[in-house]
């Protein structure tokens, strides 16, 4: 299916449940998709950071897309990350995920390799020229170590290279520049501006963002669907209350001890522990070399769920 | 074959010649290997940064290792980069390059994903436990955005995880801490400490490094072989003169206009232009999305070659 | 005078007009203060980044505070930056600005020196113990190269060290964590949470921020005063329209050519050019070694003013 | 006195002994200077990083220069750091330290303020035009967060702006580019190229550096004087042995617990503890907000001294 232009609403970055030996747990993945679709989300984003794409082998990545695209069978759009270091490697992923059924791809600027703004622009132009599906830029400075400027995003939108932006930079001021820049041009009416922030989804929607891609949306998809609806109805007080409830729930990402593990292990471990505690997935394991949460840390996750009325 | 313990001498990171349409140019790669082996290098390192590993698809990576390992046929050791973001993906590359004939693998800490020192240690331990060949750590902060501390390297050497270090951090003080730390323990006598610096190979060898992995060694392997021999003979004045000649030659990495391209495009473009001008490879192309050198810039490369007596 | 707890409303970071030979232009500074006060701002912040505090000698800093505090004479609170690298040096500035009449000080974490979270906490505790006026933390990662975590800010608020936060990190998610964390504790009812962002002042106020500290507020103080009032009245559509007008005006910060100058020279040069074009200050000069705007670049600033109805 | 051109030999960055209440301990500072001069050092560098310049108030800075310059009374050159964020503030320090007797000033690029290469060049040109004494550039990326490129340093040397470079970047390859670039031009014969590294002083001297500025030189000045002499005599084996002894001694910088303090607190605390244990200074205190070493940590410093035959 083609993706809406613009793509709007709640687009959770789908966690990738794993078996105890690190393989994709297909039944749990299907159950998670059902959990999200039932809650009313508007599209799915697989193979992003929350999906642990960086930790999945090519075979596992393919299986994820096949599973999800096959299961939703066109009921709602499936976007897939094509996460790799440079153009030729990303193009291999584009071929793989589109063959497996993805409706659009989401890709970062080059990383690991030293880059230059001219090379980032060239990267996206080459990708767009060869991708059979729309390309959205993924702005993730914490991983990529460069920031996509609003100017570059709008330039690549205007020439048809990019169909949208998934912004995980945390910089809402720059994000707003893209929102306003896109709105100022009638030919960019279909350009999708999506935020990856869990904590300021209401702010992003209030300023005109098309949609939200919250990792926490795995744990509480109904919450983000409500938040999105309240924003579209202009009920800002209601939206703020719902957002604040989700902010409190998001505190779970700090469950892991920072002396023992990185922020990624803690956040992804918490999301998966929450999904396990809620009975959605069979095993809370995160991929290697991430450090698993301890029993005490899982218990802390449970307290966040309970406080939010989810357990 | 097994690699020497320690591995010593000149181990050039082999450039990957490409055809005009971006495929691996196998005859040129074979010619380049002959050019290096004839000059007397002691081992080969494929799929490192200078090899544009970050830009090569998995199929092209495999072809590179098969070609080089097949061609040298055990005459000298072949190390291969297994460059990817996290443990499961690196393990796929380890399987691929060892099946294709690599004698050892060289791997970085996790990148793109957020990491923690405990996760870096866990990453290397998991790799070593599952790799059929020795694992060398690749310290490349400019790409990985974290630095391997001397303490961690020595800890992982002491417990048998790491067989060596390929240091491209530019931090010769920290490098010396590894050299001295390894020498202080008889059980680490076989641990290989290699520098990736073109400009201070003589300094590294003088302080006890086992070998050098200079990208410029593609262009002038005989120069680095001479430099290594002079150092081993204790002819420090001669070594310094040879090193200074190579430093002047290294100026070619600045041939590309920084307003138009990144430092990587310029440096790799210059090495390949030099190999093309010297008649070793058929086409100087670098992989996408790197920006190619202009004719004027290639001419500048030629002047460096001429000044060094290589053209 | 004591500062309100919490401090609310619009608190512009006051530009420091200079004479052609780089001295503080006292009459222009007084005129600028009148321009701001007349527009209805709620407090003034001198010696922050927008004030070019980093570029002002100690004598010029003192003159700025004396001039502004003397001129407003208690009509509204005057906060002053005490910007320096470490505790002892900051304490000298605290003594100087409070002697000159500042009602509160705003200070960053240590910089230039290598820091550790424990040292940042110790820094603020030592400052607060010795400052005769309230201390607000200034979170400015672009200058300081570390980020104040929400946890640390709330810990230092809870023990009475900090009276407020001036957040210029651009990270509105982390900012919200401070807002919500402070609101959750009745004993922190007087803690002031202020954003330094020009582009998302409405979002910050909507989520419960106490006030805004926008550099662009020098150029259009009436706009930010209107925005603040609309937010307090809950007129979110009106606030958004006003904010979007200010976002367009903020485009002036890109007036300077990035090939010729840094982002600071361009932004501060634009604010001062705008104040000069609007007839508020006598000379648009920024301090050395910043690069001045060219005539063409000043003309671009004028177009932004005209488009916003300010010229 | 004028400084030699080039300045050669051992130029220790003089620690600043403090009294228990944080004032400059003048008698201890004089004793430390005597300790250094007696050991045969060739010049003194006050108010650098090792001197805790970032932590000293202006009054304390002035007292340090007056004390040291007054005490050595022209026996050997005294260089002084003029460490501040931007040109106008640095110029105040230049005036102060030269009035107090400094023979040359050492200054970084601007920091805290956002910079651009053109602004860095302008900064140094303005300083040199107004300084009554020679200006050396201080390359300290860990504090300044930008690196002085070899090209810029050589350009500013060639036009007479800079008289030398004090390199604390750790990047010996870039350092060598300055050494070789300066040597290639007869008009730069008097340009001083100095390394701040403790661990690779022999390497730097072997490649043609003029001198060394090792913080550890406070603790063991005689060691660095011997090292310098051995290098000048071409006794590279002897130099290497001496350097390796000093490398082992340098291990003391890790005495402080990284969970409790930053690397600066640990390193400076260790140098001062060592000077105290050796009976040179009266009190090992470092300036606020640095965290002091514990008794156990001081004991570890003592073991390093004992192992090096210094206690």
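As written, the chain order gives the labels A, B, C and D, with residue 1 at the start of each chain.
In the analysis below, a contact is a pair of C-beta atoms (placed from the backbone, for glycine too) under 8 Å apart; a residue touches a chain by one contact, two chains touch by 3 or more.
Because the structure is a prediction, the values reported are computed rather than measured.
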Centroid spacing, where centroids are CA-atom means, of subunit C and subunit D in whole angstrom: 35
Chain centre separation in whole Å, for subunit C relative to subunit B (CA means): 49
For subunit D, residues that touch 2 or more chains besides their own: none
Touch-based graph of the chains, sorted into line, ring, star, complete or other: ring
Interchain contacts (touch definition) - all pairs: A-B, A-C, B-D, C-D
Subunit C residues within the subunit A interface of the complex: 170-174, 176-177, 180, 197-200, 202-203, 206-207, 236, 240, 244, 247-248
List of subunit B residues in touch with subunit A within their complex: 22, 49, 54-58, 60, 83, 85-89, 91-92, 110-116, 118-120, 122-123, 126, 142-145, 260-265, 287-291
